[in-house]
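To start, the structure itself, in structure tokens.
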Amino acid sequence: MADRLTTALTTLNGMSRSGFVDALGDIFEHAPWVADKTAAHRPFATVTTLHDAMLMVLAAESPETVRAFLNGHPDLAGPTAPAQPLTADSKAEQGGAGLDALTSDETARLAQLNAEYRARFGFPFIICVRRHTRDSIFSEFARRLKGEPVSEHRAALAEIARITALRLAARVDGDGVPKVNGELSTHVLDTARGVPAVGVSVELLVLSRDGSARRVAASATGAAGRTPVPLIAGRPIPIGTYEMRFALGAYFNESRDPAAPTFLDVVPVRFVVTEPEAHYHIPLLFTPWSYNTYRGS
Amino acid sequence: MADRLTTALTTLNGMSRSGFVDALGDIFEHAPWVADKTAAHRPFATVTTLHDAMLMVLAAESPETVRAFLNGHPDLAGPTAPAQPLTADSKAEQGGAGLDALTSDETARLAQLNAEYRARFGFPFIICVRRHTRDSIFSEFARRLKGEPVSEHRAALAEIARITALRLAARVDGDGVPKVNGELSTHVLDTARGVPAVGVSVELLVLSRDGSARRVAASATGAAGRTPVPLIAGRPIPIGTYEMRFALGAYFNESRDPAAPTFLDVVPVRFVVTEPEAHYHIPLLFTPWSYNTYRGS
Amino acid sequence: MADRLTTALTTLNGMSRSGFVDALGDIFEHAPWVADKTAAHRPFATVTTLHDAMLMVLAAESPETVRAFLNGHPDLAGPTAPAQPLTADSKAEQGGAGLDALTSDETARLAQLNAEYRARFGFPFIICVRRHTRDSIFSEFARRLKGEPVSEHRAALAEIARITALRLAARVDGDGVPKVNGELSTHVLDTARGVPAVGVSVELLVLSRDGSARRVAASATGAAGRTPVPLIAGRPIPIGTYEMRFALGAYFNESRDPAAPTFLDVVPVRFVVTEPEAHYHIPLLFTPWSYNTYRGS
Amino acid sequence: MADRLTTALTTLNGMSRSGFVDALGDIFEHAPWVADKTAAHRPFATVTTLHDAMLMVLAAESPETVRAFLNGHPDLAGPTAPAQPLTADSKAEQGGAGLDALTSDETARLAQLNAEYRARFGFPFIICVRRHTRDSIFSEFARRLKGEPVSEHRAALAEIARITALRLAARVDGDGVPKVNGELSTHVLDTARGVPAVGVSVELLVLSRDGSARRVAASATGAAGRTPVPLIAGRPIPIGTYEMRFALGAYFNESRDPAAPTFLDVVPVRFVVTEPEAHYHIPLLFTPWSYNTYRGS
């Protein structure tokens, strides 16, 4: 999302109509009229009821207006695609999913999918890219391209609800913020010694189907065997395949006879994220000769 | 090793001296005289005592003769190195360690290490390549290059004992064969259902420090949750870093609601082998949400 | 069962009819005529086909004869019950299930259940006691007392099939012996050190609903972390609740700093057996601070 | 400890000397003079510095006074022992350790140990009973009876420091309260389903060497797989052997095919507590066929 100051919900409730539109006019892509019409329904007790009201304003419009709104969205585009007018939010969102690092082949593939999708459904492919990795965007694109017009229309609106919930949650302070963020955390225990494992380096990588891996976080465990902050927090966890890598060999070398035979060095834990808003807590319990991992809570 | 028929120890004990030399003259590199002098000590009760006798024949020689024998060994060489007279055994052994797949940079690096080693110690770098991966050959080479002449002389003879034990074990049938082979096996259990996991695909890869991975075995579990044969058996397990990859996602899909969220798909188990002649038994106990692995027995 | 010599199936096939009846006349309780009629169907290729033939001889009889045969079975009886004519097999079987150790209250309870059962179904309660513990006999008795006459008649014949299969398996040597025995085994691994745990004492107890525990086996692990023989083998595992107790504290004391804090001492693993003919393999993987157990294979 | 209101440290700092003695005169057994002399050292920044000051007042006294103070302590006594003047605190403490439930044999044994101890050392056996179970009191008694006078004198003062720290922590509110309490907690996860196990009944028992078990807590897991409050908190965990029992069978029956074979029913986890002030967090991860437990954090 774009870097903007947050506004308190109570402030929004008390603002002039034009101030309200200044503040929230860009939540719905190129459609400040959504904020304008929503202003009349103030005050809102929670950010979620504000969001619901904006969605209802959109739903109350004529099919032609909704279609025009959908058509106001940009295509997903690689770095070598022709320039298109992107809002600040859209630009930040697409970059975050790694679309700005697509190869020219991938950019071309994306352009072709865009063209096929528009030809079939009459509006651009809309997806909440902050919930996705490059791989899952392509697989969702292929899957939805085979959908029926009615279900695709519904899918586009569902994605818009997700996109706008994320934008609102970042822009408005107040009670009842929609649940838009997930969390990925770990806990590392040395069960041979019965203590939390301190000083274990942990890397988090996103794995692609093409075999490549991109590091998205790196940390080390502190006194309680936990990283100082979760590996991912304050944002959705993009749908995809991940690998945490725990540097146990380096940890053992701190305390162990260097002549002892090594068995475990870097321990990879690979898992699939399908629920971007969930808490994935994945501990590692280990000895020099064994380990155990699980989805915890 | 070269593909040759095996001979029974009892047959070797009863042969003419020249027949014995025909059979075992190439166990010690370019040194049929070792077999010739050993023939006089027959009969041998076990293959190990035969091997010990050959080593003692070598040890009884003058320093000059031993030095000449060491100098009869070929350099480790990449595919673009100048041709050298390799025995059939040496050629097979070097290929098995992946030296025939070295890049030209690596070949040049190897040639440079060879030159430094010969300059420092007066004989070629000798190592039992069947106990090593490409990575461990380079790291052993770097380590031994820093050794003292006395200890390196001893190291070279220790490697010759390993090389010739492997050749003898492959060539002679009989009691008391030296322990030259390791074993790598697994056992896969579905602890959510309390049964062996049948039909789980397992791949074994060797990982290199440069990030590349080479598949060295692939199998699938049978009715008892074990692969029909061990992933590695009947040979030393080359020193190095390995990864077994268990295709749990495909296994789950056989029996599970396809709409259920996925958490584990391919599970990698990464470990280090430091003892090529040992049995590494590494089970995997899993549920859709957890797993456990350990060095078993 | 009574201690008698086994006879080879081929010998039984070649015997005189009266010799055959001498050998197998007591397999069916007080009914040597079953063996006598079965003799005419010889030869038998397997012990299982011999057993099936005996069951078919019984099934071919008139309802009155079958009813008389059922009535030839003794009551289950505690030690203070009035004497009844027990065959050697019946006496041994009832003692094995611990019926000879019933209190006088339990004996009275059993006598009452016997009376109710006979009054309701017209024949004694028949159960293959070697597949049961005292607890499961009482719970089966209570459950079956509520059954319908038709299903109870079938249940009695099914139990007779189990009783006679066990007697035959103990008495006849040959191919195709019916599967009548279970096995209970363990494997103990020290995952802090990556080795089998040697010298760990293991006790096996049967637990009763009244809170009492009876030791049925005791052993210690050998070099491979396994007991020299399974804790139970060569017989059915009586249905019931069991506890294995592993003396880890004593094991640790062999090798550990005595001042180190203790966390695990005796580790109990409690489980329920519902399939007397199955293999229950229950390993224990432990460190001084953790353990893991599972039904393996 | 006796049920009394707590006083704020700041209040104690500002009180009259006689009010201070009224408030804390019974912290040291029958020795209000300790509080009286400590009053002069006010104010205290933390409860720990107040406690330290009281201990220093005692330590500064003559050997005869300290000996008289030790002799002011009651004997540990069973219910059938002759009455002795117990302070409210002592009475509550001894009852908590189960001394009021001793058999007459145990009471006699305790009286004999008391007599031997007094004869050997000249003062009664002093121990912080709130840190002990009946078993550990007897084993400490036997161990300390073999000690040397100098070390026993030191041991008695160390126990007094523990007793008085507990009394102060219960009586005074303020910063820097001495660490006198431990905690025993669990976390129960259903790893077959990847969720916290909700509604699992958990019992905590203290086991005695004589084979008896006494239930000291019972609870059930809530939505996060944790009990609403720790099984033990706000007090030391008495040194001894414990068993948590998890009613998995009842949990499975909520959601499982009743015809499915049972393997795990009640799962006992037995462990030894040696550090009464520590946090023992002992999770259970289970499936219907396996479980894993460890000392966590």
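Think of it as A, B, C and D in the order they're written, each chain with its own count starting at 1.
Methods note: contacts are C-beta pairs under 8 Å (C-beta built on N, C-alpha and C of every residue); 3 or more make two chains touch, one makes a residue touch a chain.
Here the structure is a predicted model, which is why all the values come from computation and not from measurement.
The most distant chain from subunit D is B, comparing centres defined as mean Cα coordinates.
Comparing chain pairs A-B and A-D by the number of C-beta pairs in contact, the larger count belongs to A-B.
If you average the CA atoms of subunit A and of subunit D, the two centres end up 49 Å from each other. Annotation: 59 Å between the Cα-based centres of subunit A and subunit C. In subunit C, the positions touching at least two other chains are 191, 194, 263, 285, 289-290, 292, 294-295.
Residues 191-194, 263, 285, 287-290, 292 of subunit A touch subunit C in their complex.
Within the complex, the subunit A residues that touch subunit B are 241, 243, 249, 261-268, 270-272, 274-275, 289-295. Within the complex, the subunit A residues that touch subunit D are 189, 191, 194-196, 224-225, 285, 292, 294-297.
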